[in-house]
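This is the structure I want to talk about, given as structure tokens.
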Amino acid sequence: MSSIQLASALISGVVNGALYSLLGLAIVLIFRTTAVANFAQGDIGMLGAFVLIMFIVPLGLPLWGAWIVTVCLSGIFGGLIYLCLLKPRPIAGHLNLTIRTLGLSTLAYAVALYVWGEGEPYRVPSLFPRLTTELMGFSISYDQIGTVAVALVLSIILLAFFRFTQIGLAMRAVAINPDIARLQGVNVNRIVLVVWIVAAGIGAAVGLLIAPISFLETALMRPYLLKAFTAAIMGGLYSFPGVLLGGVILGITESLAAMWLSVQLREAFVFLVLLLVLLLRPAGIFGHIIRTRV
Amino acid sequence: MIFNKMVYSALAATFIVASNAYAEDGVTATEILLGGSNAATGPVASVCYAVTHGQLAYFKRINEAGGIHGRKIRYEVLDDAYSAQRAIGNVRRLLQQDKVFALFGGCGTVTAAGILSAVEGTSVPYLFPYAGLDKLIDPPKQNIFALMPLYSQQTAAIVPFVVDKIHPKTAAMFSTNIAGHEGWRQAARDRLQAAGVKLVIDGVMEVTSPERAAFVVQAKEKDPDLLLIMDTAPNAARFLIEMQRQNWKPRMIAGYSTLTDETFLRAAAENAEGIVLAPGIVLPPTAPQSKQCVDDLSAYKKELTASHFTMYGCLTAHVLVEALRRVGPDLTQAKLIATLEAMKGFDTGISGKVSFGPGQRMGMQEMYPFGIEKGQFKIVAAPIGFKK
Amino acid sequence: MRIPSARFLLFGSWVLVAFAFALAPLVLGKYAQYLISMWLIFAIAAIGLNIPIGLANIYSFGHGAFMLVGAYVVAITMTHWSWSAFPAVMISLVVAAVAGGVVGLPSLRLTGFALAIVTFAFGHTLFHLVKAFEYTGGPQGMFMPTLDSSKWLGGTYYYYIVLVIFILAFLAAYSVSSSKTGRAMRTLGASEVVAQSLGIHLLRYKIIAFVLSAVYGAISGGLLALVTGYVAPDTFSSELSISVFAAVMIGGMGTIVGPVLGSFFVVLIPELTQSVRGLSLIIYGVLFTLVSTLYPTGIVGAFHALNEYLTKARRNKGFSLSEKDDSSKAKI
């Protein structure tokens, strides 16, 4: 394989990895605070992209303004998901709440297919110019740079948010033990609501980054969701730096495997990597085994 | 006891005779019932269902003019959501419950394979799906007729044509990983070798992963004169978008009939001006001879736009109606099959001539070479025939 | 005195239902028979999935993979090696059991959620693998050889085969559930720590759960191949795993009738809503979401709750006066 192919594989691996990481970040965020695995995370992004081109862009805003409006709307949608779907009857247990998100994902996909399915695929305008530029002799496109940049900035903002702000601290407290957090005066319900709003906003941002790359269609986020969960697990499910690293590793491995092996065997290879990581470090790269006392 | 038995049998016999004035399934004095399974929902629905629209539009006009020998055509299409499993279920329902006269139309290689397994060996005609599935007609089946040349046949026809036109030294080919890809890739390899063109890449792309970046990088590196893209229209468009991003294009792009679809045109027009050549089964909606089909479509539903797929629907409906007309008032499945088999050199006006035969179940004998000029499809030369 | 006859009634009603199914081909057309066969085949898979999920509380999202194994082994042995149906199905069960065992191996080291994702990834990977090789038919899948047996008994041979196998599968699941194995699984499902302290070997029973679900899945897949005559890889995508899971959940996890009822909805809704495009998927999504939110115990659970409510209401009507007195006494 030539160095150009290698470089291109690495670059697209990093870009994909950044997307997996960001989506995985939203998943870990919800999982840490509520022990719910949000299977609807991908479809939130898909709906966000549709809302953008169907409702917001026709309003005539500049594209970056439309993006911000869409992300905010998606956040509100996330809050509604929590209030209507997950808050009622929480006694059913975490696994049941996870299943509700699975149902929501199916429903969101079905509705999007019904309303917009006939005309797909759609083209989505990109924030970044559709051109390539030379970087150290390798061509890299502007939207690849842009995607990684946005992912990086968002990740840094979120990490700082959790480490240095009051709400971030409260979220970490709720993640460790909601009952004790409640005793300490934290309004757990409000925190979880904020978590869902933020995660949905992240989901929309990821969807808006992916959609312009080629076409927007209802099945847009499906391949990304499993990869995001894989990244989350590889990173240890409870660790933000873990999922970021896991995502990038996953993206690069996948890309290299597609180059070296045939594309069809890529999925099998990625599965092997996941198994390997889990066998060597069952709690993930940065995770640690939580021992419960009986 | 015996008397009762006689009465019952007499009653039964009368009942059977009376209710089956036309013993043929799906045919009554006033109606011909056709059945179909198509992807009405799902990612390919936007292109696949357009075929059905074209067919329904054509039938509407025929019915309004009185039908064929006094019978109106009723075409029932069930949704298979592009799943072979659902398609098989639909076929069983159409044959066993609704008792249709013939299976007509439909779209997609995946579902066509399922329908084939359910209808092979029966006496029900299965006609003209939009599917380039080898097994449909190779080996030929008594009751199955196709109007879509196999992708391998299309490739074998277009490659020499393109090579003749631009005399490339090198070529690269990227194919989608669907059934039959070995067939067309071999056809391309043979034709390129015969013309002395070096094939530098022979890549296979996974159907489900739409990113094309890796392949474009490979192509850009080798910089072939001729690029063959054998994939669906949206995926080929993605390929071109990626080429634009990487700032590279070959001297000529060719493929099979999927490149004559408007989805590809819309996405590719800016980068593909003048450098695309693809074989088309049916004339584009912009051609003057296509006017009837386009008018039928807007009379059927104003908001629909004509496309390569609606034109194909129009074509297949036209051929079917002609065959039904030729059979005459006494309509049976066997007679329709015989009439189709005897069809020779039928000029539809919007495609090459249609001929079937005892061992020939694919009727399209010629294809038009399509090019892209000023953002529109244009027929750039006389029809290309197939050499078997 | 009342209890024995209630049980007898229950048993009797099940026998009647079985008879109704057996006699159905006399009144129902071929297409209806096909639908029933599809429902029962799906139900077999769902009953199998209920074993790890309903009993042992292990979430397996890769069930489609076991169905795939069953279908493909049957297809390969019958097409490439010219085996007949019975040995083909037998060997598919063996292969699936091995696969189930392999999937169950990491179950001790991984948390429930990680294991769920691993099973999901397993299904996803297997799906791509069969599409990659020509021996397994590639993306087109495999056409089964035409079977003489499909014409026996006026074409209803396979209807009865499916019915008989379903009844056997149903009874087998019932027997597992009430056996020592079933009790062990339920214990470890409720609390692994308690199970361990009772001497229940965790890994062994978890693997047994996977192996059993794999065998059921393979039976289901093999029957699918035999009845439809065509094995398409797209049938066994990860969506299938989610559908079977949905069937178990909508019907009622942990019961045996539940998955059968759930399968009825999952298989038959697309059929019944053919006329309106896209609506069947929406109905399915709404049903899934509603049931998981409002009735986590599924249809069977809702039915039991309704039953309890009615029984309580009936009892309250007769004792309202004394209850009031009782409650006032309790306050003191």
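Letters are used for the chains, namely A, B and C, taken in the order the chains are written, and counting of residues starts over at 1 for each.
Just so we're on the same page, a contact is a pair of C-beta atoms (placed from the backbone, for glycine too) under 8 Å apart; a residue touches a chain by one contact, two chains touch by 3 or more.
Treat the numbers as computed from the prediction; the structure is a model and nothing was measured.
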Two chains sharing the most contacts, counting C-beta pairs only: A-C
Reference chain A; chain at largest CA-centroid distance: B
Chain B-chain C separation of Cα centroids, rounded to whole Å: 39
Distance from chain C to chain A - Cα centre to Cα centre, in angstrom: 32
Residue list for chain C, restricted to those that touch at least two other chains: 131, 277-278, 281
Per-residue overlap in chain A, given as positions that touch at least 2 other chains: 113-114, 117, 262, 264
For chain B, residues contacting two or more additional chains: 41, 177
Parts of chain C lying in touch with chain B, wherever the complex brings them together: 29-32, 34-35, 38, 131, 134, 138-141, 143-144, 146, 228-230, 232, 234-235, 270-271, 274, 277-278, 281
List of chain C residues in touch with chain A within their complex: 59, 106, 109-114, 116-118, 120-122, 124-125, 128-129, 131-132, 193, 238, 242, 245-246, 249, 277-279, 281-282, 284-286, 288-294, 296
Residue numbers on chain A that touch chain C, as the complex places them: 31, 37, 85, 88-89, 92-93, 95-96, 98-100, 102-104, 106-111, 113-114, 117, 226, 229-230, 233, 237, 262, 264-265, 267-268, 270-271, 274-275, 278-279, 282, 294
Sites on chain A touched by chain B in the complex: 2, 4-5, 8-9, 12, 113-114, 117-121, 123, 130-132, 139, 141, 143, 213-215, 217-219, 223, 255, 258-259, 262-264, 266
Chain B residues touching chain A - in the complex, by the definition given at the top: 41-43, 45-46, 49, 177, 204-206, 208-214, 217-218, 221, 234, 237-238, 241-242, 244-247, 263, 267
